[in-house]
């Protein structure tokens, strides 16, 4: 399983990386805007039973629905929590509306806020300045939104706290043998989420000899990463541009599975807890098997 | 000379663009960090005799030395003014030290400050927040550097005013027939300088049918630009990655030319005022002719 | 030539698409706004620039994206920038002509709620939340809203103000210092509502072909005001309806 | 094996290069720092990451760049990011191990001046200015400075403090809240100066082979302190001197 630069030790299996770098109680960001969502890493965190996590994500997707439903989350910092184009995240709603499996705290912000907050985190600033939140109830329900005045013009602007996770996990297309990572397509806030964090894990579709990237491509140098883990199809049912498409079919299938507590629990037991890793998960789950072998 | 989408009218000759979009008294940024410096545009501004300009540039290069020496500048906002690897900008020094051809005001900032200030300008914010200027004499000589406190942590941080030029001019590799522009290689702060400005001119090496750019390349959509002007070798003696190299030889040759007021004036009269545009300039100047016909 | 046969959902999408002018730069919300914006691009507005918050600028998807970051958006875009840049340079930067939004609840001043039904701390229904809407509603030069009209959606008082329209009307929006002009139209399956030029209260200004004033009033919790003259929305043309149905067919084929 | 024949400039470049450890992430100033940093990369530190303020990360130029943004930097880099990102995410972000700077003037606490000689408003000599140095000096985890030693450069009092070293010594730098540890060595053509661990005043801690204490004192306007024991800087090795001369030859050929 070990590939690449052994001496450097940055390239390692995902289960080892989660064991070493994700702790109970961590502030954890799994980022990826529709594209490159690190599902395999989220599943491994569920398998290893991490608890009391403060989860950050602009768009809590199915992976956070699964983590919340499995009781990993103490708190959620987010801006839009739905199943895109399908409807609700039922486990998220069940936790918020009925406290199942337990209550979770919410820190709710807007996309612009969280995007700016990751930029501030990556820039080692304690806050970001933005135009926003004027007359919105969000500012009255979130005390961590402040307003400041421009020292030159006197204009009033919103100030929001930086996001600085203990650990950020993302998925990317590929890494070279030293662990330099290339992302392309929809980049979301992943680069900033990585640079804002104390520790980082990147799962990649493959390890290659040369990244052969255009000069202004989005590259994360190996020396800012804690671990690089080869996980083929590690974003499925999200997608990796150039590798496979989004499984819109699975996103739709998730709706009935997640609506019911028992259906959800038995699905998680069978396909996540009952498998040892991404490969086995993909082979066992019928929807995945059809798509990844295509 | 007119090429591309006539109906849209964004693609036009450089002399027309300068006539229409650069006014006496404008706040003007010519950006390009060593790479893609818009020399041809600067020369056209000199030919058309623009005066009282407030010039912005992180690294006033030979082109600002020439514009200052020709009396175009009222004020210079900058962070590093030298002939890179060679020595002084003699016309800049003569203006500052001896007021020739007239005195110019200086607003001096650091690279980090101006880079942040362009980002703030592009983001429609009146100021940027940064860690900087602690105990530096720059802050005592520039009253437009302020300090503010983080509303969450109380930390003291520098605040600097955004840069919002009336007009930004840059050079780029290519545009398509609609006027969408591609830059690659060292990008400097050009994208931000364009987005921070009220009006923008981009000179390009060539107009092509298709940009064929990688998905995360630096592209400026036509609808944020006032004019796109095809000017082959428009950055010479700076360089355009993929087209021609920097003329280090000319940067070195500039030192003796610019050291002497008369040598400078007669050079400018012969090669800039005495030519109608970039093509003729390159054909007339021996150093250029050798390189651009190679 | 008008189509003879169309549903009220189709009428809503077509009516909304017509409000988007060619060459506009449009920040597109997912769902109905994305359907209407792409229909506009495929009919009368081929030069519209569609921007999605995930990063694509100038997206020209062949099918309707299920999510805001589908691969078809990225692969057809003029360029794809990081999400933070979309919000910082393009939206906050003042470069968006039209913000195209949906909503769960709307009030008479076109303020919208996408956060909760019921109390925020113990909600009856937890909705997805703000997403990009608060800053789109604040900063786009104008805002178009599209949603089905019903008493549950067109409410007297919002449970939560997620994104602001005209606040409590009149000059309130200008006085609050919001950069953009706010909502200029709300398109529903029954008609089109536009703000009164002075009070900024929404009034019914167009009824879709075959719909009635009573239907509009019944589907509105507040006392719906009427414009001085109420137009009839022209039915979908053959071209519009076939472009819409082709788009939906391609989308269904892709998701099969 | 040591070289028999070398100039004091070569000794300075070699001595400076040795201070850069392999795998360090180094923010490189143009001129002498760039020469020393690339020499390190070509000798004992092949895995050093060189970052230039114009945008290249992991540059591996074959010749010495004349400017901070030469094409050879871009074409050999692992990636090229916008200039503002260099300053925001990489320098201010706390990811730079070593800032490698030159200077026009330096004082006993390694504060540096690159702005003016004489009065700021009517200077005797207008120097290029700050560039990236103030934030490099503030934020890099440590700072190396390289410049020729002379009474004009090693001054009692700076005409202008462009970039801070240890301010007025002791805990002044920590008390001011500067993120990095500040200058840890100043390499000249005569020797190496390092700050006293308590007072932070620069003291001569190594003399280059063949140079004398008197030369060092004569080239310093202030009363130069000496370390308890002063080492002799080992002369350049054959490998170092040939790597340096090859680099300079390639550079001269390119500029011909």
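Details
Note that the chains take the letters A, B, C and D in the order they are written out, and that residue 1 is the start of every chain.
One rule holds in what follows: a contact is a pair of C-beta atoms (placed from the backbone, for glycine too) under 8 Å apart; a residue touches a chain by one contact, two chains touch by 3 or more.
In this text, all values refer to a predicted model and were calculated from it rather than measured experimentally.
Listing every chain that touches chain B and chain C alike gives A.
A count of C-beta contacts for the chain pairs A-C and A-D puts A-C on top. Distance from the chain B centre to the chain D centre is 29 Å, each centre being the mean of its Cα atoms.
With each centre defined as the average position of its C-alpha atoms, the distance from chain A to chain B rounds to 40 Å. Within chain D, the positions touching two or more other chains are listed as 74-75, 80-81, 88, 92, 179. Shared contact sites, meaning residues of chain B that touch two or more other chains, fall at 119, 124-125, 130-131, 155, 185, 187, 192, 215-218, 241.
If you draw each protein chain as a dot and join the dots that touch, the picture is not a line, a loop, a star, or fully joined; it has some other shape. Chain pairs that touch one another: A-B, A-C, A-D, B-C, B-D.
Listed in rising order, the residues of chain D touching chain B in the complex are 30-31, 53-56, 65-71, 73-75, 80-84, 86-88, 91-92, 115, 120, 122-135, 138-139, 160-164, 167, 176-179, 254-255. By the touch rule above, chain C contacts chain B in their complex via residues 23, 25, 49, 57-58, 74-75, 77-81, 88-89, 92-95, 179. By the touch rule above, chain B contacts chain D in their complex via residues 33-35, 58-59, 78-82, 84-86, 88-89, 92-93, 96-97, 108-112, 115-116, 118-119, 130-138, 141, 155-156, 185-189, 191-192, 218, 239, 241, 245-246, 248-249, 251-252. The part of chain A that touches chain B in the complex is made up of residues 124-127, 129-131, 144, 146, 148, 150-153, 155, 157, 159, 161, 184-185, 187, 214-218, 241.
Of all the residues in chain A, the ones that touch chain D in their complex are 119, 122-125, 180, 192, 195, 213, 215-219, 221, 223-224.
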